[in-house]
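Labels A, B, C, D and E are assigned to the chains in the order they are written; within every chain, residues are numbered from 1.
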Amino acid sequence: MDGKRRILIMAVVFGLVALLPIFFGGSKVIMHILIMCLIWSVVASCWDLIMGFAGIFSFGQVAFFVIGAYASAIFSLRLGVPPIISTFLAGAVAAAVGVLVALPCLRLKGAYVALVTFAVHMILAPFLKSNMGRAIGTGGAQGLLTIPPISLFGYTFQNAEPIPFFYLTLVVAVICSLIIILVIMSHWGTAFLTLKDSEDFARALGVSALRYKLMVFALTSFLTGMIGGFYGHYVGMLSTRMLGIDLFVTLMIMLVIGGVGQYPGAVLGAFFTVTINEMLAPVGSYRPLILGAMVLILVLALPDGVVGLIRSLFNLGGRGARAGGRMK
Amino acid sequence: MEVIDVIISGMINGSVYALMAVGLTLVYGVSKVFNFAYGSFYSLGGYLAFSILSFKIFGGYVTVLVLAVPALLLFGYVVERAIVAPLRRWSSWEVKVMMLTLGLALLMDNLFQITYGARVKSLPVIVEGSLTVGPVIVSWQDIAIFVLSVSGMFAFRWVLNNTWVGLAVQAVAQNPNGAQIVGIPRDKIFAATFAISTVMVGLGGILLSQKYFVSPNQGWDILVKAWVITAFGGMGSIRGSLYAAFIMGMLEAFVGWMFGLTWVQFALFGVLLATLAIRPQGLMGKWG
Amino acid sequence: MLKIEKLNAYYGEFHVLEDINMEVPRGQVVVLLGPNGHGKSTLLKSICGLVRSVKGNILYKGQNITGMSTSRLVSMGITYIAENRELFPFMTVQENLKLGAFSRAARPHLKENLDMVFTLFPRLAERKKQLASTMSGGEGRMLAIARGLMSNADLLAVDEPSLGLQPNLRLEVFRIIKEINKQGKTILVVEQNIPKIAEMADKIYVLEEGMITFEGDKEKVLSSEHMKEIFLGM
Amino acid sequence: MAERVLLRASNLTKRFGALVAVNNLSFQVKEGEIFGIAGPNGAGKSTVYNLLTGVYPFEGRVEFEGREIAGLPPHKIAHMGIARTFQVPQIFASLTVGECVDVGSRFGCPGGYDRAYTSEMLDFVSLTDQKDRPTEQLNLLGKKRLMIGASLATKPKILMLDEPMAGSNFKEIQQLMDLIKKINQDLGITIIIIEHFMKVLTELTKTLLIIETGTEICCGDPVEVTANPKVIQCYLGDAYAEN
Amino acid sequence: AQEIKVGVPLAMTGPYTDTGDNYWKGIKMAIDEINEAGGLLKKKLVPVRFDTQEFAPERVMQGADYLCGQEKVMSVHAGWAGWGQDIRAYGKYDAPFFADDGSQAAVDVFKENPADFANIFQLTDTGINQAASMFRVLMALPYEYPNKKVVIIHADDAWGQEVGDTLEKNFKEKGWEVALKEKVPYGTREWGPILTTIRKINPAIIHVEIVSAQEVITFFRQFMKAPTSSILSYGYSIVPREVVETMGKEADGLIGEVPTAMPTPKAPTPEAQAWVDKFEKIYGHRPQAGSWAAYSGVKAWAAAVAAVGDETKLKEVNQYIATQGYKGETGMWKWDAEHVMRAGGDVPIGHYQVQDGEMVTIYTDPPTKPYLDFKFIKPRWIK
C-alpha cells in the first residue's frame, strides 16, 4: 500500500467517524465510547509503530499513557498551566521517560526489552501511590479528582457535552494518525524496517540504529503521553487503577484484531475491540472469557489481523504486507 | 537471630521461584516461545489439586500428584501442538505467540473464575507442624516445599545433563535445524518441553496453594516474578535461573525486612536493570 | 539405493523442483552440480524430509519414503550434512559428535564411530573439548561432516562440503569423502569448484532451474565442452 | 595514478575473551587499488572488516583519508565513504529490490538521496528488471549483487567485500570478477576483498595480505605471496602448489 | 411504563469481583422482596447491571452515562464505586446514588458542591471515623495490655492509608508507641520479613488493614507459626467472607469491624433477626459486610419513592431521603448534612471476634458498648 492509498483509507475511516454524531449524538454513552475509540486508536497506533514496524517489543505503552495523564494533570493543577499546553508538556515528559527507558533497551533483545518496558508499567502504580508520588502531586492512592477541562479560544470542552469534545478528539486523532502515516511512509519507516530485518547491514549502509530507536521511543511515547494527558482532562479524574491488566490486554487485543505492523489496522482494531467489549457487556462475567477465546481464534485464523485478511483477499502488496506476512 | 529467619525466608522463596523460573526459561530457551499464560498454568495446578482433593479420595497429595502430573503434561502438550506450533510458520511469530498466550491467559483465568468463583480456595497442608531449632522456627510445610522444589530441580538438571533426552533438548535449544538433521524429532521436543514446563509451574501451583491459596487472577504475579528471574539469570540458562531465583528470594527477604515490603518491587527491578545494563544477556545468558 | 521419480518441491507458491528423476546406486559417489540457487540444496533437503511440500516418489531401498519425518529417515540410514553446518554452538566437539549418533540404530556404535571419525579427522581429536562456536570455519565443516558420519548412515547427502573452506582443506575434505565411500557408504554430494571433480565422481547430475539438464558418468562429462567450461573450470 | 594511501590501519588488536582474533595487525590500502585479504578459516579476516566499520570496540588506529575513524559508530563510518558486504548475505526481507538499494542512497550518501544515481547502480549490478520483486525471492547470487548495489548507492570511496565468490560456480565467479573490475575501474572505487579462491585474488588484486590467527604472514604482490612457503604450508596446501 | 429501572454498577470481572458479588446479593434480595410484594408503586423493579471492572476513571464515568444517561434508571446502587470518582460521575445526574466508599475523599468531593451532589448517599461512615471506632473498641476490651506497643500494617490504597494514619494518630495521642507502621502492596503473601521484625518488637496489638482474604489469611497463618502475645486486630479486613470460611476455628480470636453493621449471631431486633434468617436461607451463609448496607440502600430509596408517589420526581426523592431517612430492620437510618450514614444509633459499627469459627459481634460503636451478652475471649495464642 502506498502512502496515498493509506491516507485515502484513513480519510475515509475518519470521515465516516466524523459523521457518527449525526446518528448517535443523542447518546452520551455512545459518544463516550466513540471518544474512547479515538483515544485508544492513537495509543494502539503508537504501539503498532514501535512494535509492528520498529520491531521493538515495548510493553510500556499503558505506562506512558498514564505518565502523560498524570503529568498533564499535575501541570495544570499545581502550576496552573492551561490544559491545552500541559498536554504537550505531558507528551514531552512521557517522551523523556521513553528515551530514558530506551537507553538500556538499546543493548537488549526481544523478551528483555519487553520486560524492561513492562517493568516501567509494574513500578508505576507503586510509585504514583508512594510518598514520592504524593510529593509531586499524584494524590497517592486516592488519585486526582479535580482535573480541569480543556479550554480553547474561550470555549471549555466539558465531558458532559460530548459532541464538541468528540470533534476535538477527532482532530487530535487525525493529526496523530497523519504523523504516524508520515513516519511510516518516510525514510523513518524504512529505517525501522531495515533495522528489524538486518541491523548489521542497515548500520553498514549508514542507518543510525541508536538514533532511530531513540526516535521511535521518543515519538511513540510523546504521542501516547499527550493523548494520555488529553484523556485526563476529558475524564477529569485519574487513579492508578488504569494500570491493572485489563487495559493492557484490551490494547493488545486491538493490535491482534487490527494486525501487527498493518498500520491502519490498529485504528480499526481499536474501534472493533471497544465496540465488541461494549457489545459483550450484557454477558457480564463471561465478557473476558469470550474476549480471550476471540484472541485465540483470531491469532490462529488471521495471524495478520483484519487488515492482513483484507490484503490477502484483495491481493494488495506493499510495505505493510511484507512487514508481517507469511514467511517464504 | 532475626537474620537467620530472614535468610530462611529467602531460601524458601528462592526455591519456589526457581521452580517457576526454570519452566519459563526452559521453554523460552528451547523454542523461543514466551508464554504469557504461564501464570494461568500455575493456577491450573492449584485448581486441579483443589478439585481432586475436594473428592476426599484416599491418598491425599499422593493421589493429587499421580493424577495431576499426567493431566498437566497432557494439557501442555496439547496446547503446544494445537495452538502454538501452527504459528511457527508465520513471520514475527514470536509476537503472535505472545498475543496468543495472552488470550489463553484471559480465557483460562476467567474460566477458573466462572467455574470456581472469585473467592480464594484453600487446600489442606501437606505436612503439619513446624520444626524448632533454638530461636528459629520453620514449618514442615516450608521444608517440604523447599525439599520438593530443590530436589525436583536437581532431578531435572540431572535428566538434562545425563540422558539422551536431555541432550536432545539442549540440542534443539541451540539449533533446532541441526537437531532435526541428526534425527531429533524437533517438533516433539518443542511440545515436550512446553509440557514439562507446564508440569513444573503446575506443580509449583500445587505446592504453593496451601500456603498462598488458589484464586483466579493470581497468576500474573507469578508470571512477572518468573519473568524477572529468568531475565536476570539469562533467558534460556537453567543454571542462571537457579542462581537468580535464590538471589531474588534473598533480596526480597532482606529488602522487605530492612526497608519494608513496598520497596521490594523497586529493588527487584532495580537490580534487574542494573544487571542488564552491565550484562545485557543476564547473569548466564547466551545470545541467540 | 535411492530412486527419485517425478519429484516436485515448493516453498509456498514458489515451485523449486520440477519433475526430477534420478538414481543413486549403492556404493557410488554421485555429484550434483548446478548454478547458484537452482535447487540443489532443496533436492537434498527434500530427500531428507526437510522440505514441507513435496510431490512425487522417493524410493529408498525400494521403500517409498516421501513425506517421512527427518528423524524417521535418520533412523533408516539417511543422513544430511548441511550447507551451513548447523552445529550446536554451545556444545563441545565431543557432544556434537555424540548427538550425531542420536538415532537408536547408531547409539550402540557410538564408541567405534567416534574412533573412526577421530582417525579420519585428527584435528577433531585434538579439539574434543572445544565449543563448536569457537571452531574456525574449516574445523566446523569437518565437525559437521564427522557428525554426519556418526549416524552410521548408509546414504549420506552432503551439501557443498567445501563451501568457504581455505584452499588446502577444500581438497582434503574431498579426499575424506572418497575414503568414506570406500568404507561402503553411498554418497550424494553437491559440489562446485573442485577442480577435477569429474574424475572423483562415479556419476554426475546437473540441476538447472529446478530440472535435471545433464546426467552421465565421468567419460560423458569429460566429453562435454559445455560442462567443462561452466562447471569444471577447465 | 597518484599512490595516495586511502586507508591506514595500525596495530589493530581485537580480543574475544581469551581469544585474540586480530593481533597487532597493520596494513594500508592505496587509492584505486584492489586489496586482497586471505588466510585460513578463523584467521580473523571478517573480524578485521568489523573493526574497520566500527562494529565493536578494539585497540589500534584506523585512518581514512587522513582522518581517525576508530571509535566512530558504523553509520558515521558509512557516511565517510566506507561500504561493506557481509559473508552471509544480508538483505532487507521487508523491502523490494529497488527499495533496498534506495536505503543505501537515502541513509548512507552524504549528499542525500540521489534517485538517478540509485537507478544507475541498480543497473550496474543488473537488477533493474527485478526492481519491484521482494528481495527474499532473489537467489544467492542476486542477493550478493543486491548487497553490492546497495553499498554502491552510498557513493563509497572504498568497498569491502567478504567472500563474494563462496558457493559460486566457475561461470558465476567469472561474472562477479567482471563486476568487481568494473566497480574498480568505471566507478573508481577502491576495493578490499576477502576470498579463498587464489585464482580470483591473483587475477584481481594488486596487493595481497595473508593473515593467520590474526597476525600478518606476508603482504605484497599476489604472485609472490602465493609462492611464499609459509603461506603454502598454512593455507594453500601442497596440492595447490602442485597445481 | 410498568417497570422501574434500577442501576447496579458493580465489579463483575477482575480482582474486585467478590466484593461486587456481596453487594449484589443484598441488592437482589431487596429488589426481589419489593417485586414479590407487588412492586414499587405497582411497578416492577428491573435491575440494569454495569460492570465497573477495575474502577478506571473512564469506566466509572461511562457507568454513570450508561445507567443514568442512556438507560434512565431511577436510582443507582453501587458498592465500592470509585472513592470520589463516582461522586463526580453520578453527581452530574439526579437519580439517587448509593455508594459504600467509606472514603473521606468521596466526602470531600461532595462538600465542594453539596447542591449539585444532592443525589449522592454514602451508606457507610468514612475510614477516618471507622478507624477511630476501631481504636475506641481496642481500648475498651476487657484485657490488660502487657505493654503499649502497637504495629500497624496497612494496604497501599486510599482506604488503608486513611485507616493507618488515623490509628497511628490515635495511638500516639494515648501515649502508645507505634513500633512499626508498614505500608504493603496487595498481593503480599510472604510475611516473613515483617513477622521477623514483629517478633522482635513483641507488640501488644497488631492491626492489619488490607482488605483481601489471601493477604490476611497468609499473615495469620505465618504469624501463628510463632505467635507473639498480641491482640490481632483486622479492622475492616475481617469482612471478606473467605476469612472465616477458609479458616474456620483456626481464626478464633481475631477481631475486626464492619461499618453499617448487622450484628450477628443474634440480631438486635426481631425484624433484623428475620432478615438475617432470610438471608441465610437464600444464600446459605451469614450476611456479609456490604450486603446489608446495599440492601438497605434499595429499601431506603423505595420508601422515599413510595412516600413521594412518583419515582421520576428525582429531586423530591433525594430530598426525602436526605431529610426523612428511612426506618429499617434495625431502626432509623438518618443521613447527615454531608449525606453520609454516620456510624451510631441504630446503624452502628459492629465489632467482631471470631469465635467457634464464626464472626460474633462483641461491641457496637458509637457509643462504645458491649453487644448483648457476647464476650471478648482472650485469643488462645496469648500466654
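Keep in mind that, in the parts below, contacts are C-beta pairs under 8 Å (C-beta built on N, C-alpha and C of every residue); 3 or more make two chains touch, one makes a residue touch a chain.
Fair warning: this is a prediction, and the values are worked out from it, not measured in the lab.
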item: Smallest number of contact steps required from chain B to reach chain E; value: 1
item: Distance-maximising chain from chain B - centres being C-alpha averages; value: D
item: Busiest interface, counted in C-beta pairs; value: A-B
item: Centroid-based (C-alpha) most distant chain relative to chain C; value: E
item: Between chain B and chain C, centroid-to-centroid distance (C-alpha), Å; value: 42
item: Inter-chain centre distance, chain A versus chain B - centres from mean C-alpha coordinates, in Å; value: 32
item: Chain D-chain E separation of Cα centroids, rounded to whole Å; value: 76
item: Contacts with 2+ other chains: residues of chain B; value: 110, 113, 217, 262, 265
item: Touching two or more other chains - residue numbers and ranges from chain C; value: 14
item: Touch list for chain A against partner chain E, complex; value: 27-30, 32-33, 36, 126, 129-130, 140-143, 145-146, 159-160, 231, 234-239, 241-242, 244, 246-247, 281, 284-285, 287-288
item: Chain C residues touching chain B - in the complex, by the definition given at the top; value: 48, 50, 69-71, 73-75, 79-82, 85-91, 95, 98-100, 102-103, 107, 147, 151
item: Residues of chain B touching chain C in the complex; value: 164, 167-168, 170-171, 174-175, 177-186, 286, 288
item: Complex contact set, residues of chain E against chain B; value: 13-15, 17-18, 21, 156, 182-185, 187-190, 192-197, 199-200, 213-214, 217-218, 221, 225-226, 240-242, 245-247
item: List of chain D residues in touch with chain A within their complex; value: 53, 55, 73-76, 78-79, 83-84, 86, 90-95, 99, 102-104, 106-109, 134, 136, 147, 150-151, 154
